[in-house]
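Dropping a structure here in structure tokens format, bear with me for questions.
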Amino acid sequence: MSTVVPPKSPESDPRVKAVFDDIRATRQSDFINNIWRYLAFDADLLERTWDEVKAVMATPSDLDPLTKELLYLSVSIINNCNYCVHSHTAGAKAKGMSQTQHAEVLKIVALASKTNQLATALQVPTDPEFLLEEG
Amino acid sequence: MSTVVPPKSPESDPRVKAVFDDIRATRQSDFINNIWRYLAFDADLLERTWDEVKAVMATPSDLDPLTKELLYLSVSIINNCNYCVHSHTAGAKAKGMSQTQHAEVLKIVALASKTNQLATALQVPTDPEFLLEEG
Amino acid sequence: MSTVVPPKSPESDPRVKAVFDDIRATRQSDFINNIWRYLAFDADLLERTWDEVKAVMATPSDLDPLTKELLYLSVSIINNCNYCVHSHTAGAKAKGMSQTQHAEVLKIVALASKTNQLATALQVPTDPEFLLEEG
Amino acid sequence: MSTVVPPKSPESDPRVKAVFDDIRATRQSDFINNIWRYLAFDADLLERTWDEVKAVMATPSDLDPLTKELLYLSVSIINNCNYCVHSHTAGAKAKGMSQTQHAEVLKIVALASKTNQLATALQVPTDPEFLLEEG
Amino acid sequence: MSTVVPPKSPESDPRVKAVFDDIRATRQSDFINNIWRYLAFDADLLERTWDEVKAVMATPSDLDPLTKELLYLSVSIINNCNYCVHSHTAGAKAKGMSQTQHAEVLKIVALASKTNQLATALQVPTDPEFLLEEG
Amino acid sequence: MSTVVPPKSPESDPRVKAVFDDIRATRQSDFINNIWRYLAFDADLLERTWDEVKAVMATPSDLDPLTKELLYLSVSIINNCNYCVHSHTAGAKAKGMSQTQHAEVLKIVALASKTNQLATALQVPTDPEFLLEEG
């Protein structure tokens, strides 16, 4: 099904175990979803990916957790990653996305794709008003 | 520069004038940016596009205006629409996006693209935990 | 399987029923395909989407119905939407696409993708001959 | 501007000259647009690309020339190839695309992109009715 | 499952048989994978596609076979072609890709996608140092 | 031109200076190209991006430097990042890519895009032969 064989006992590798432990501690959940189990085929790739996901998504910042998850979901839809659409829709629901908000995200993603294509098809020149003064 | 010649006096067409008037009233600004001036080459396309943008983006809803603009911007980046990246970055700044939030949006978009490609490259199977009970 | 639970009795919602009735009347068929059943999780999204599909695709216009369906199919292939590739291939066959025409569409889509990538890789400048006089 | 330096006197290479001669003869025009002048940096790539474009686009077939050009244009929009959007919009106009048809193509491309994203976001399962009997 | 019915006895068509024979001879293997079985629904499309794959991928050239396969795989990931990700991962392994190299390809593809999005989001201007002198 | 104003004296920020110093040392060149100058608008984003680029691209590994650069270039073409196509074509030439190899990379990228679209259009099922035994 996948292009790699995920390790059968991933946590026998101490580097993998450390990442899985940190995922569990950070998310306060025992559930390790498949992307991490498959990335474990290469401990370095796993470590670096989790390090970045934790820093960007699981650290308090100037955007609230639900907004961040909705941005992640929107990118995943446009990049057409089926796994990611499933995992980040579930993630957004877990962070409080209501059904109305879900529908609204879909409306924005669909509308943006539509107007993106119109602007590309028309080759609309950028308004001088959008350009910044060099600092 | 564009693939259509935008009408020289677009508001001489009453349908176009009605849309432009509504854009100005909705945004409380005299500025009509280029996408609308070029869409005016076909009044029906202009009307329908503005109607949808107004309904989705300019109507109070369950997502705040800045979040909606950030979602629009993120989709525009992934769809690689240069015009839209400029216009929606400007739009997000106008709605209060700070420089730190701008950097954060970029980090999320870049990280999501990265993990989207990893999940696709690995062909990770969807966790049963993400699947919904049929209602 | 999906990221939303489609309503079990969608037509108990009068807004959904009105859309489904119009789909059946417009297409002169009792078959409501899944995209509509799933969009029914949000009546507003369903109404707006069908309204646009009907206006663009099911209204007589300056392009014949098969050409329109082939354009829809080609976009769906490039956007890599599996559902849409299936539904619009079926739609094109229903509108008369022969097996030879199907192969021809595939040749054009594949060739265009190929030369699109070549032009991007080479960063070919646009010929002045393609640029329009401003009106 | 480009990533290769197009040859200054491309037709001093007899393989390039033969392709350019065939382009002129096929199109009954002296105009050789930039994509061919840049592809001429590698005669084999030029020959193979023109051979395929001629076979698919310039040979009478079961789709009329305008329909083929509109399919090419639609793919080019979604692949976001600026050069190709310009050249194939010009090509479609040369083959008779009216301003109304141009607007209609844009409506279809934009709508298809929109519903493609909705189907991906919802992960709509393919209707069994769309699946084919194995032959 | 597919959008065409692959021919039941493809090699009863001599043009298909000739292509299949050449695939077997070129690859020194009896295995004909599905893409060829499905492309066989149109002999001309099959012939032209195999001709190009053979010329580009199965002919000794200035890039070694593994590098070529890794490039093909990387493009297939970004284009999000599930079939192609599977077939070209298998192809790269058959040409000697180690597990470490596999992880490394994934790191490069993921990193490139990330910085591609950053450059697009920032609309970074091209350095004059990258531009070529016209020849 | 860009969506951020790059800092006028970026190296007055010690975090930025440290990254720029490391770029110069790693590349043994005084040239700092624009992507780094623009990323400097947010020191954290700059640091993290360079850290990853250095680890993946500038550290000896199981793939040679030219192969890695060609993979980066191919992804950048498909992601349609104009800046990146320019910078990584220049990078590949600096690492020894000949004109013939450049043409060959383009042929592979173009061919892969073509067959990717064919496989998607046909919805070709994955051969069981490509699937892995679970470990």
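As written, the chain order gives the labels A, B, C, D, E and F, with residue 1 at the start of each chain.
As a working rule, a residue touches a chain if its C-beta (ideal position, glycine included) is under 8 Å from a C-beta of that chain, and two chains touch if they have at least 3 such contacts.
Because the structure is a prediction, the values reported are computed rather than measured.
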Item to complete: Check B-D, C-D or C-F against A-B and flag the pair whose interface repeats it, over half of the contact pairs matching by residue number.
Response: C-D
Worksheet, complete the sentence: Looking at Cα centroids only, farthest away from chain C lies chain F
Discussion item. For chain A versus chain D, what separation do you get between their C-alpha means, in angstrom?
Written reply: 34
Worksheet item: Using CA atom averages as chain centres, what separation in Å is found between chain E and chain F?
Response: 20
Fill in: Inter-chain centre distance, chain A versus chain C - centres from mean C-alpha coordinates, in Å
27
Worksheet, complete the sentence: Residue ranges of chain F touching at least 2 other chains are 1-4, 45, 48-49, 52, 78-82, 85-86, 89, 100, 105-107, 109-111, 113-118, 120-123, 131
Worksheet item: Does the chain-touch network form a line, ring, star, complete graph or other?
Response: complete
Worksheet entry | Footprint of chain C on chain A - complex, ascending | 80, 85-86, 89, 99-100, 102-103, 106-107, 110
Fill in: Partner chain C, residues of chain E touching it in the complex
3-4, 41-42, 44-45, 48-49, 79-81
Worksheet item: In the complex of these two chains, what residues of chain E are touching chain D?
Response: 1-8, 48, 52, 55, 131-135
Discussion item. Can you tell me which positions in chain C touch chain D when the two form their complex?
Written reply: 1-4, 31, 33-35, 38-39, 45, 49, 52-53, 56-57, 61-63, 67-68, 70-72, 74-76, 78-79, 81-84, 86-87, 89-90, 98, 100-101, 104-105, 107-109, 111-127, 129-131
Discussion item. Help me check something: in the complex, which residues belonging to chain F touch chain C?
Written reply: 77-78, 80, 82, 85-86, 89, 105-106, 109-111, 113-118, 120-123
